[in-house]
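Chain lettering (A, B, C, D, E and F) follows the sequence in which the chains are written, and residue indices restart at 1 in each chain.
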Amino acid sequence: MSEFTHIDKEGRVRMVDVSHKEPTERVAIARGIISMNPETFEKIRNQRVKKGNVLETARIAGIMAAKKTSELIPMCHPLNITHVRINFFPDDATNSIRMEAGVRIIGQTGVEMEALTAVSVTALTIYDMCKSYDREMTISDICLVEKTGGKSGKFKRTEDRGQRGQGIDH
Amino acid sequence: MSEFTHIDKEGRVRMVDVSHKEPTERVAIARGIISMNPETFEKIRNQRVKKGNVLETARIAGIMAAKKTSELIPMCHPLNITHVRINFFPDDATNSIRMEAGVRIIGQTGVEMEALTAVSVTALTIYDMCKSYDREMTISDICLVEKTGGKSGKFKRTEDRGQRGQGIDH
Amino acid sequence: MSEFTHIDKEGRVRMVDVSHKEPTERVAIARGIISMNPETFEKIRNQRVKKGNVLETARIAGIMAAKKTSELIPMCHPLNITHVRINFFPDDATNSIRMEAGVRIIGQTGVEMEALTAVSVTALTIYDMCKSYDREMTISDICLVEKTGGKSGKFKRTEDRGQRGQGIDH
Amino acid sequence: MSEFTHIDKEGRVRMVDVSHKEPTERVAIARGIISMNPETFEKIRNQRVKKGNVLETARIAGIMAAKKTSELIPMCHPLNITHVRINFFPDDATNSIRMEAGVRIIGQTGVEMEALTAVSVTALTIYDMCKSYDREMTISDICLVEKTGGKSGKFKRTEDRGQRGQGIDH
Amino acid sequence: MSEFTHIDKEGRVRMVDVSHKEPTERVAIARGIISMNPETFEKIRNQRVKKGNVLETARIAGIMAAKKTSELIPMCHPLNITHVRINFFPDDATNSIRMEAGVRIIGQTGVEMEALTAVSVTALTIYDMCKSYDREMTISDICLVEKTGGKSGKFKRTEDRGQRGQGIDH
Amino acid sequence: MSEFTHIDKEGRVRMVDVSHKEPTERVAIARGIISMNPETFEKIRNQRVKKGNVLETARIAGIMAAKKTSELIPMCHPLNITHVRINFFPDDATNSIRMEAGVRIIGQTGVEMEALTAVSVTALTIYDMCKSYDREMTISDICLVEKTGGKSGKFKRTEDRGQRGQGIDH
């Protein structure tokens, strides 16, 4: 039998049946990092002080992308998410911007993919906004930081255990 | 004046005007890596031999996502891309899968964002297909490998210069 | 602290958290007016008697647009609306057509934007269907007529108070 | 009065009001057949053994299309379906492939259109994947096999009564 | 090597490269039939005389679906179609309605899938509009009638050869 | 014969055939006004100075909506627009914000609907961002200011003739 829930025991993909799962509150926090050269980093920082367009545009793109998750990821259930928030943590030492997306719902299935999609599209939008200036930007460290709710209970990424989180719950 | 083409000199975001750019052939190749624990890697590999569902589903998702780029990235021009292909390069040594997306068009603007979006959604779909088994998978190294065409000419990522590429052009 | 619920106290846009709001029945009625020259008005009227295509096409477009609201309005929650209806009130005296959209749901957040979006797209479709004949048509008076349900309770537009409404509730 | 629920007694289309219907478990099973010439059938069969791309791609397309039903069918309610599965039954005797889609939800309205849309797009994708080889393929017998749940109760297609079904329920 | 153009010689799906194909005028005509019981047929016919809502709604849905083809069919190229038209041919003798969709473009790839998708969604919408009255309606005979343009030249379905066509070309 | 190009001489809606129209440069400028109470106006103004979120979010929504026009307006041709820009003109005297959208393409059909859709969704987003504070905001004066290109040539709205325009052309 397959251990991947989206694949049945005959190896066929399917949208896994969650019809009989109990709706519970579910939260997922995902993060990612975009690294760039010092000049690009400086420009985004300065502009953020003045008008904020690069990061604000990216934030809006990320929030809208969270709503599109089930159109993008073939086996994802369509969900009516009830909260999305995206935070930026620029790091001068590394000329990079860490992004964190938090998504919440009371539903039958988790919102990990919504949070990961939000972070990915946020990062891609930063790339798009700055690519005329720096084509070597790199997106990395896209991962699930933590999730709560559902049968599998609470998950916190190993490297983050013992730390105070920085997501929507805190 | 802004050095970001999507932002005008007053700091307003806009879809940059490409009306008078000449259509030329444009190719973009992007890549990314998803890392996982050895058991997950082994399962994907084995299943690929048998049915291939995880990677095939991810490949289809990536191709479809390339077509959705301008819906996801706010300032991207809508484009009728004429070719998308996604290749996987599993690496036993690191329990990771490298993905490479190649996109081609004859048009007035480049397809970097299409290639980067394809790679990102391919990776997110692998995450989704395997997340019931391994929540700590991480997506990294999403970057533009090379592009050709357009006024800015050929770009090849610094770390890849001098190497024989492995994309749709070769 | 921000008084706009979609903006947090740091000034960041977000999709406001409605996870813990109680689902209640919510109704919203919005209206709008499209004005045109007498010949265009006459053509729509006559055709309505015969085939009804202009207004029927606009009505279908408005209903479908209500379902797309959360794709269009960045901070709108995705909602599974349970009723949409659009009515037309042509006015011979002013060569204009008033449209009214009613939307209903049992949910955690209101459907004002769905009703306003339905009315707007209905009006835009009338414009599109008739623009080869009359480019000076104008859309105006798009507003929320009334809403019920939710914590903020019943709202009725000032100028409509004391009047018998003409929406889906009556 | 109209006997078509999507049309009111004045003849206007509307999205029928299901706000006050009780959520119940609802299942719908739809099927369809795509017929082709023997060579095309043989190629799909052989390839399925090797890589399975034609049918796997069609299956994924069908599952994703089920989620898009309310964008395609004007009066369909948006629904968060909780299960979709698509099965193929190739028939050597007739060089055709029967497809069956099963959809499930706990909701206020049925999922017949989701199942029929899934089957239709599955068949269209098989056509697309093979059309360079066989343009005369024909899609037929798209119909609802059975549904359960809702006020109208259980429906089973006349020609299938007395038979053991082959859908997601069995 | 694969004879299916959407599958490369390694068996991987891809969006086939049409970058270097010459744009030519391309037309595709597809048809389909929906059969129903005599009462349903009579109701649609009568209503068409009065208000036409069932068929008009289906026609609009079909036209809109043609524009969504590349979102539905995974390997379809996005295309800016320049004409869509859908005709109905009700047949009293068989209580069925034949639909014919014609699509035209000047482009690098054909519009067969757009015409077939238009016909399929037109038929599905008729089903949806009438399903409260007749759940046993069946959609059949969805096929490509003819296509012109492109390297493969003119195609006309075998059973239609020697007949005067009834599509957008005539 | 119908004088509405989207309706054929039998009264059937269709996507009008532009296959043989010559591509020319086409520009459309549309405007609209959203009126509000003085406190709401003051808040948007102040916030714009500080963070600009309400208007920036609305601007991004409007640009993205321009790209969705053919999904919203049933008979609109899908178009790859090459420029969108949205400007705001707040008016202290009337506590209102005028919006102007400019869209450009080199294509076979005009972009009036894209400009009008951009303006409408920009206004709806301002409503959404501020509605918790002021439900009586009204959207009005949505109209085409001018267009150039195409067989019908230049159009300038009567009330704007003799005035220096304030759009993307100037």
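Just so we're on the same page, contacts are C-beta pairs under 8 Å (C-beta built on N, C-alpha and C of every residue); 3 or more make two chains touch, one makes a residue touch a chain.
Please read these numbers as outputs of a predicted model, since none were measured by experiment.
**Student:** Within the chain touch network, how many edges lie on the shortest path between subunit D and subunit F?
**Tutor:** Minimum number of steps from subunit D to subunit F: 2.
**Student:** Since subunit B and subunit E share one sequence, what rotation angle in degrees maps the C-alpha trace of one onto the other, as a multiple of 5?
**Tutor:** 120
**Student:** State the chain with the largest centre-to-centre distance from subunit E, centres being mean CA positions.
**Tutor:** Measuring from the centre of subunit E, the most distant chain centre belongs to A.
**Student:** Find the chain most remote from subunit B, comparing centres computed as mean CA coordinates.
**Tutor:** C
**Student:** Using CA atom averages as chain centres, what separation in Å is found between subunit C and subunit E?
**Tutor:** Chain centroid spacing, subunit C to subunit E, equals 32 Å.
**Student:** If you average the CA atoms of subunit A and of subunit E, how far apart do the two points sit, in angstrom?
**Tutor:** Distance between chain centres, rounded to whole Å: 39 Å.
**Student:** Quick check on subunit D: which residues sit in contact with 2+ other chains?
**Tutor:** Expected reply: 12-13, 51, 53, 56-57, 60-61, 64, 68, 71, 74-75, 79-80.
**Student:** Dump the list of chain pairs that touch, please.
**Tutor:** Chain pairs that touch: A-B, A-C, A-D, A-F, B-D, B-E, B-F, C-D, C-E, C-F, D-E, E-F.
**Student:** Show me the residue ranges of subunit D that touch subunit B in the complex, using the header's touch definition.
**Tutor:** The touching residues are 51-53, 56-57, 60-61, 64.
**Student:** If we count contacts the way the header does, which residues on subunit C are in touch with subunit F in the complex?
**Tutor:** For subunit C paired with subunit F, touching residues are 3-7, 11-13, 32, 43, 47, 50-51, 53-54, 57, 60-61, 64-65, 68, 71-76, 112-113, 116-117, 120-121, 123-125, 127-133, 135-144, 147, 155, 157-158.
**Student:** Quick check: in the complex, which residue numbers of subunit B touch subunit F?
**Tutor:** 8, 12-19, 70-71, 74-75, 77-80, 108
**Student:** Touching subunit B in the complex: which residues of subunit F?
**Tutor:** Against subunit B, the touching part of subunit F is residues 25, 56, 59-60, 63-64, 66-68, 79-87, 104-106.
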